[in-house]
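Labels run A, B, C and D following the written order; every chain starts at residue 1.
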Amino acid sequence: MNAGFEKRLIGVWLALSAITLAQLGIGSVGVRAGLAPSAALAAGAIGIALIKVRIIIREFMEVRHAPVLLGRLTDLWVVLTGAMLLGAHLAGTAFAKG
Amino acid sequence: MNGRPEVVRFVPGQPDMWAFVLFEGFVFTAYFGVYVFSRARSPDLFLESQAHLDLRIGFFNTLALLASSWSVARCVQAAREGSYRAATTNAFLTMLFGFVFLVSKLREWVVEIEQGFTFTADEFSSFYYFLTGIHFLHLLIGFVALAVAVYQLRSPARRSQEIVETCATYWHTIDFLWVLIFALLYVMR
Amino acid sequence: MSAAPPDSKRELWIGWWTLVVFYNLYGLLFFVITRTQPPPEPSLDPSEVVQWFHDRHYGLLYGYAIVSIVGGATAIMNATLAYSMRRMSVSRAFAYSYLVIYALATLPGMLIMGVACTVGAMRPDRDPALMSWIYDFAFLSFEGTMGVFLIGSLVWMVAVLLDENGVFPKWFGYLNLCNALTEVVVAPAWIFKSGPFAWNGAIAWWINMGVFVTYTVVFLTLLRRMILREDFGTGPLPELAP
Amino acid sequence: MKRADGELLLLWTLPLLGVIWISAFLLFPGFVQPMSPTLSAEQVAAFYRDPENLPRIRYSMILFNWFGVGLIPILALIALQIRRMAHRTPIFSYAIVACAAGGPTIFLMADLFWLLAAFRPERDPQLTLLLNDLAWVTFSSQVGFLIAQNVILALAIHLDRQQRPVFRPWVAHFNLVVAALLIPAAFAGAAMTGPFAWDGVLTFWVRNVAIGLWIAVMGVVLGRAIQRQRSEQQAAA
């Protein structure tokens, strides 16, 4: 197999795993410290996940080689998802129960 | 067949599958939105219930699916270069990683249900089982997609690169949806 | 040989227009006249259920009367959709399965609800506990009948994906999968009486309805294109079936 | 044995079916003098508890349970005749097959509700009333598949443009008239008294006579068509 490609794929996997490990660390610290939920924490968790998603789409799914339109569409999905989830969080906080 | 030169842009697999990825992606965005909204409405309840989940298992599951994405990407590249044997091996490797995820997920559910953390236990648990359950269903369909890819790779008479790429695109979708589910259910506070 | 006479596609156009008119009428009847969609809360107590039937008394009785007059139109609609599968390079088994599955689906998918709502509305003085049972029967038969639409969509999906005649684009095959999955998502409606998974919930109803409406608009459009493309010519009729 | 012979055999089950249906109709005490929707729960319960009525209700509904679906083979024969028409697609015969599945299932549901009401007549009268309502509303108002059947058949005949059409044009008109006669019954739930009520002239008598007439006329027409088909096959052989 093309050595350059092989290297790149391994690199992507390592990067994604490293981010996941960081999520594990941050999550554990959050649990131990008993951090109160906040918009910043929510945005952070969603943001990191969406960065991973975008890496998967561009690298593993080869969108970086695809016509620009497909890249735009998938990026649009990433951005809209982030915006909608953040909006949902803010709306939920505004209409909090009790 | 040589790898396509960098300058030539192409859609991996059928564009039709990309329509599915985007549409189903938006359906999931909607599910996630309802979850995040409900969560923000009763943050304490969700946080308390979330303690039933083991972050480490979620981490392990994520690694398994990321690895499966890696191997299926190798499968596509190998098939593109004409090394069908390597492509088939990687497809099976993907199934193996997928299977590791499947077993781990099932085990996790069983342990949680035994602890009384069931679908109807509380609001968070309902979302947890719903999101992981619907994702699990996509995973099961993913095995069908991989089987189609292997079937294509097996015989020189078939070997449609387009279909192999289409199946891989579906499989990656399972992966990236899980990445979001992991963040929303296990990590988010 | 000259172009096909304009009426050579008459049967297909009858089927297509029935679909279009029916779905519009369906929306009108369920959303406006009977006001049974969007669905009310499953958590109403028996006295509220009685009030619910009272508020919609005439809408339910006359609305569902019209539903029972036009309900049989589903037969010609499903026949037209089954025909699209006959045009594909797949076994006839697909068309036949689709036809039978959807013929069956009309009952729990629509008519049972009509019967239940009529029976509920016709005697407002009925025991409230029984009214509550009728209410559950109406909405759960309507929304909780999943298998027919699940398997029906999957049959269509496989037919589209295997087809080599290009009757429908492949992405429509995948869209069938999205529609089939909504039937899985609605299952918790049998378990929850409130929240996003209840029969009126954000997930079990609103998101699913969004997918279903998209799916319906898409297949009507694609079916229209199929009919426009259809080239019967002026030649002899297709061989009469034995 | 030719194809058409088997079809004639199926068709000849129709007179037998007619005898059974008429007997069951006369046996059920709620049909001869159609039950009124205005009866109170106690009166309805008394109807099922009456030792004179109870066996008649049960046996008539068991007969209907057995033979209610007997019409399906006849509808299948109609679907086959539609396939012989000068159409370019099998859409109309498919649609008749779809109706053939729907109509008898609805009748079967009504039959189940009646049998359930009669199974434990000592039940709370409110429950017996509910089962009785469900049976009558299902039986009376659910005419959709029957109407669709008539309209589809009429359309199919109308579009059958060939030298010797399978059915003559008057059959199409007859079907449309029957369809029109069935429409008032759909409103059975909306009226407790008068011609539209489920014991009313339009909903009960006109509708059921129309259905009976349709079965009889279509039986004869179908018989002729199959006979003709058979002689054509013999001539060709």
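Keep this in mind: a contact is a pair of C-beta atoms (placed from the backbone, for glycine too) under 8 Å apart; a residue touches a chain by one contact, two chains touch by 3 or more.
For clarity, every value in this text was computed on a predicted model and none was experimentally measured.
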Exercise. Could you name the chain whose CA centroid falls nearest to the centroid of all protein CA atoms?
Worked result: C
For this session: Tell me, please, which chain's centre (mean of its C-alpha atoms) is farthest from the centre of chain A?
Result: D
Exercise. Distance-wise, how many Å sit between the C-alpha centres of chain C and chain D, to the nearest whole number?
Worked result: 24
Seminar exercise, completed: Note: chain B sits from chain A at a C-alpha centroid distance in Å of 14
For this session: Would you kindly tell me how far, in whole Å, the mean C-alpha position of chain C lies from that of chain B?
Result: 31
For this session: Mind checking the centre-to-centre distance between chain B and chain D? Centres are C-alpha means, answer in whole Å.
Result: 52
Seminar exercise, completed: Expected list for chain B, residues touching two or more other chains, is 34, 38
Exercise. Which of line, ring, star, complete and other names the graph you get from chains that touch?
Worked result: line
Problem set entry | Pairs of chains, among all present, that meet the touch criterion | A-B, B-C, C-D
Seminar exercise, completed: Counting only contacts in the complex, chain C reaches chain D at residues 8-12, 14-15, 58, 61-62, 64-76, 78-80, 82-83, 86, 95, 99-100, 102-104, 106-107, 111-112, 114-116, 118-119, 121-123, 126-127, 130, 133-134, 232, 237-238, 240-242
Exercise. Mind pulling up the chain B residues that touch chain A in the complex?
Worked result: 3-4, 6, 9-12, 18, 21-22, 25-26, 29, 32-34, 36-43, 47, 51, 55-56, 59, 62-63, 66-67, 69-70, 72-74, 76-78, 81, 83, 86, 168-169, 172, 175-176, 179-180, 182-184, 186-189
Seminar exercise, completed: In the complex, chain B touches chain C at residues 14-17, 19-20, 23-24, 27, 30-31, 34, 38, 119-120, 123, 126, 130, 134, 137, 141
Seminar exercise, completed: Within the complex, chain B is touched by chain C residues 169-171, 173-175, 177-178, 181, 184-185, 188, 191-192, 195-197, 202-203, 207, 210-211, 214
Seminar exercise, completed: Contacts from chain D onto chain C in the complex sit at residues 3, 37, 83-84, 86-92, 94-99, 101-102, 105-106, 109, 126-127, 129-130, 133-134, 137-138, 141-149, 151-152, 155, 159, 183, 186-190, 192
